[in-house]
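Letters A, B, C, D and E mark the chains in the order given here, with residues in each chain numbered from 1 onward.
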Amino acid sequence: GKKEAPSPVTGSTALIKVRFQTDWFPEPEHGGYYQALAKGYYAAEGLEVEILPGGPNAQVMSKVATGRADLGMTNGDDVIVAVARGLPLKMVAAEMQRDAQGIMFHGENPLTSLRDLNGRTVMAGAGSVWIKVLEKRLGVHFNLLPLAGDLARFMNDKHFIQQCFVTNEPYFARQRGADARALLIASDDYAPYRVIFTGNDYIAQHPDLVRRFVRASLKGWTDYMTGDPAPGNALLKKLRPDLPDDFFAYSMQAMKDYRLVAGDPKRAERIGQLSSERIERQIKLLQEIGVLDKPVAEKDVVTFRFLPDDSWPGGKRPPLDVY
Amino acid sequence: MEANAPIVKFHSVAKRYGDGALVLDGIDLSVETGDFVTLIGPSGCGKSTVLKLVSGLSPWTTGEVTVAGQAPRQARDRQSCIFQDATLLPWLTAQANVELPMRLRGENTAVRRARAAEMLSLVRLNDARDFYPRQLSGGMKMRVSIARALSVAPELLLLDEPFGALDEMTRNHLNEELLALRARAPFTAIFVTHSVSEAVFLSNRIFVMAARPGRFQAEVRVEFPCPRRPELREQPEFQAKVNEVSRLLHQVEGVEVR
Amino acid sequence: MKRASAIWGWILPVVTGAMIIALWYGVRVVTGMQSWILPTPLEVLQAAVHERQLLLAAAGNTAVGALLGFTLAGVAGWVTSIVLGSSLSLRRSLYPWLLVLQMTPVIVLTPIIVLWAGAGLPGIVTVTFLISYFPVVANMTQGLLSTDRNLVALFRMSNASRFQELLLLRVPSALPYFLAGLRIAATLAPIGAIFGEYMVGSSAGGTGGLGFLVYSYNTQIKIPALFATALTSCLLGFIFVAGVALFNWAVLHKWHDSYEQPDR
Amino acid sequence: MKRASAIWGWILPVVTGAMIIALWYGVRVVTGMQSWILPTPLEVLQAAVHERQLLLAAAGNTAVGALLGFTLAGVAGWVTSIVLGSSLSLRRSLYPWLLVLQMTPVIVLTPIIVLWAGAGLPGIVTVTFLISYFPVVANMTQGLLSTDRNLVALFRMSNASRFQELLLLRVPSALPYFLAGLRIAATLAPIGAIFGEYMVGSSAGGTGGLGFLVYSYNTQIKIPALFATALTSCLLGFIFVAGVALFNWAVLHKWHDSYEQPDR
Amino acid sequence: MEANAPIVKFHSVAKRYGDGALVLDGIDLSVETGDFVTLIGPSGCGKSTVLKLVSGLSPWTTGEVTVAGQAPRQARDRQSCIFQDATLLPWLTAQANVELPMRLRGENTAVRRARAAEMLSLVRLNDARDFYPRQLSGGMKMRVSIARALSVAPELLLLDEPFGALDEMTRNHLNEELLALRARAPFTAIFVTHSVSEAVFLSNRIFVMAARPGRFQAEVRVEFPCPRRPELREQPEFQAKVNEVSRLLHQVEGVEVR
């Protein structure tokens, strides 16, 4: 690889602008970035980060691929699929070890595993990878209702089942008195990351900025999850006056309970970590279920060179930095 | 023919449109049943407006108008009107246009067909029965309109320059047909025309109107016996009446012209 | 001359189409855009061929929803306008509330629609109806009110009932307006059905329509297939529009000025 | 008499409104429906009052997007129709492709819109425009073609240029059609903007618009607030419709038959 | 007044609308510059159609029509037309309607204003200048239409029953004004009327038309010297001409009537 010129981390030089695109309206699932912003971790790295809030159809990957944003975050599967479709992107770090998507149902009508979905009616995103995984891997088929964004039907029907973010919808359903439960979709079999990614060009031109951004972001996430999340939340609340305070606590708790961000230490998972083996497995799975119409190599979808040393399994960076 | 019950009555009527100038002023008129009243006067003097008041299409400003003792609108089923424009429905053929008022009265199809055919042949349009209005000449449209008004045998017929767009022979023919119809099924008529001889030939009372504001300047009674024959037009008494009316008209318009 | 004109009727849009396609390729080349943003027409066509079975089945489903919604909108729009056109009081009482119905975002009504009409076809038809109904009403009502006053005077004079005036005079004279509204509705019906599938669809009993495919291709970043879906929806729409044009011709050509203009 | 009529103009819709509200309560009681499907009017009102700051700010944002999109649609629709109305060849060349544009589901174009116009206001304006543009074009074009043939003959006889015929004859005579189209566009613009926010919105720069609130209230199951949002959107729409009605009056009342009908 | 160059020429022209019956057949006509040609004939015989062919508003079926040696459409800037209906633009005031042809020719505002005012006073409508067509009476509309056609001082004027809706005095007044205008700025005219005396008073050539199919049955030349004075109407030669034309007309229509 090319030698990276060290850039001044602090000092009088002006901060370098970096645009970071999130996949949704500002929510606690983005807490780490806002924490980093609030606590000046980005500034400390010499970055002036602008967090571009997403929304429905945020088109995170296209925006990054076309240079309308420098880095972005989304589900790891999406990056693999996008690369297969020709988008010049790579994952550079994991934001969460497990994607936060889940299945929400009523306690009166419990599900114990995703197999229980067989033959039911589920409101979920048509074309989602996990649906195909269920079909192909477990032979689970269900009747799909499109994800229209309302929870009213869930509230009205004790048999209703819908896709959700485990950090999000269950809170509101419970608030309104439903015994809402959630099951994480990610499992041993199928475990997509949520990742930070950027464009190949950006990696080539500003490797140092990527490294600094990742470093500061993961610091922000660590601080958000283990320290006092108030600074990040304060920023979020300013952007989302419509969200109640309790919600932030709930989301945080869910992220902790499901070990979303840092993963499971027993499996040697750590914050930010991307495992080559897991990604290989993921690619193979996607190929198997027919989502990828052409083969994708691991090195096309991910680079490990920006992971901080302590994010490597065993805390050690492998000698090779080929990607 | 019974007579003498006033079917249309104007009592010192004035009329203005919106907040414009007075269009009619001090109009007093009493049309007896069986009368054939003609209004004659310069263009824009208010003749059509008088008819509009009778038919209740426009409200008067002061005074009172009654038709058969009722408000004009209540008495519409006694009336039929030939408007100054042909006002045909563009999506109906000539025949269907003639049938329209009968259809509105719920007449059955066979009767409508027969009567419309009869009326169309009266105005000599048998061959144009299936034409749409846009395929008709100006005079033909007007004749369809005449056929339509006559098809319902009204008690009171309002005619606003029905024959203006027609050649003299067709005009005379229709004048005579009108009188023939009247002999068969008597009706009262208020007639607007610019032709003095037509006025004299058809009517028993002629009102000469003046403009600004529209008013009745003179009434001329025409006492020729009914039924009137075409030969009447050649007689000197007829010509004398025509001259009398023309003179009155010239006086009126002389005032009008600056 | 008539013949030549008919041929031009085909050639001209094709020529424009060719120009648009050229422009499309041009944009691709000049902006260096990738096919995951804007696929080339060829890629779209290939995707259409490749996915033809899914597309056809989905188009069939969507067509059913669109047709039902459209028919309903046409009929109900017609009836509503007649009710509105029949009296000023009714118009005043109802029109504002029709506007409210039209202006309430469908997104808000989704749960109610699903609850009352049910997910799948009934819901889709309802959404399609809600989307294509108002243009018909707005146009036809304007048409009913724009009737030539001399003709209205004729009817009033003939002592026509309100009902007769409406049916024999105002409705025929409002036809060109109605048909313009129907034309708008015809273009809205297929996209309305797709939107409906997007909101209240159900995959029960098959592929679940073009709206599902849109969602699915979008998630899977199958952009050429997404465009092929759009193409299919346009073709569907053209069938609707052609139907309305034919109806328009049948109803108006004999008497309406839009079908006979003087020579230039 | 004029005065009384103006008062009735207010009383009647209010009476109907009261009836609708009564019906609404009735439905609640009879069906035993929960307030997360159908809140009572009172709940909606309370929510509106409670959330008034959010709602107002959001309505302001949406209004900007809707107004820009609407204006663009009105102007572009006007210009397009004039181009289409000016020659049969142009009409044949372009109209089918306009239909394609209209019939391409916005959902398919969303990625392109986001990338080209950008998320937030530009994207929202684009979506609003796409939704409200076609009714204007369809109506105005029909209007341009429906011109009285006698008047066209007059212009042809007077050796008027195509351009003059269009500008001095066809355009004014198409005004009632144009305005009916504009009225449809006016009702579509606010929901178009909300839909736009829903599709391509971002909350950048504050609260986001009503579309964002729809999302937010939907996930938070604040159904009364959701309905209050719909109410706000209707109010916004009424401002647009009132604007068009005023314009309509100003342009037509002096000469058009929809403003002077004979007495009954 | 120069003469003898044929400005309008019909060479055995036939005309049918769509696939209907023949409306005109075997029409030969040669209108010289300076002619005042009148067409007279029964309603629906094809008079308006002849004018439509001259103005290029409708194509002929066989034969040939030229205006000033060109195809009719090419020669439209030489022509001005008064249609059988007033055809006013409903969104323009009377004044603006009169100004319209001048506006189409790019005349400047001051000239337009002045000329329109002059024409409106010619037809005695100064007071109605700001009225919209729906506020005008039938005759007033027609007069606006006349003012409009005269405002551009054309080389060739086509008049389709312009005075049919007017009272006799206004009609005579306008007849005279027309001749006065013609004396000041000579134009060729093709005139359609149902009034024989008007035809004789105004024209130097009268064509009597028969119907089904429309054809020229007879031509009557009227040799009274120009300028013609109103007194002409009282003279016996005049009456004789009127009678001659009337007789021809009766013959034609006698055939027509079953």
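One rule holds in what follows: contacts are C-beta pairs under 8 Å (C-beta built on N, C-alpha and C of every residue); 3 or more make two chains touch, one makes a residue touch a chain.
Remember, predicted model here, so these are calculated numbers, not experimental data.
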Those chains which touch chain E and also touch chain C: B, D
Highest-count interface - the chain pair sharing the most C-beta contacts: C-D
Classification of the chain C:chain D interface as same or different, half of numbers criterion: same
Cα-centroid distance, chain B relative to chain E, in whole angstrom: 27
Cα-centroid distance, chain A relative to chain E, in whole angstrom: 84
Length of the line joining the C-alpha centres of chain A and chain C, rounded to whole Å: 40
Geometric centre distance via CA averages, chain D-chain C, whole Å: 16
Residue list for chain E, restricted to those that touch at least two other chains: 56-57, 85, 134
Junction residues of chain C, two or more chains touched: 37, 107, 111, 115, 148-149, 153, 156, 198, 211, 215, 218, 223, 256-257, 260, 262-264
Contacts with 2+ other chains: residues of chain A: 62, 66, 149-150, 152, 156
Chain C-facing residues of chain B, complex: 55-57, 76-77, 79-81, 83, 85, 87, 89-91, 100-101, 103-105, 132-134
Chain A partner contacts - residues on chain C that touch it in the complex: 34-37, 107, 110-111, 114-115, 119, 197-204, 208, 211-212, 215-223
In the complex with chain B, residue positions of chain C that touch it: 148, 150-151, 153-161, 164, 168-169, 172-173, 175, 254-257, 260
Touching residues on chain C, where the partner in the complex is chain D: 8-9, 12-13, 15-17, 20, 37-38, 89, 92-97, 99-100, 102-108, 111-112, 115, 134-135, 138-139, 142-143, 145-149, 152-153, 156, 176-177, 179-180, 183-184, 187, 190-191, 194-195, 198, 210-211, 214-215, 218, 223, 226-227, 229-230, 233-234, 236-238, 241, 256-258, 260-264
In the complex with chain D, residue positions of chain A that touch it: 25-26, 52-59, 62-63, 66, 68, 149-152, 155-156, 168-169, 172-173, 175-176, 239-244
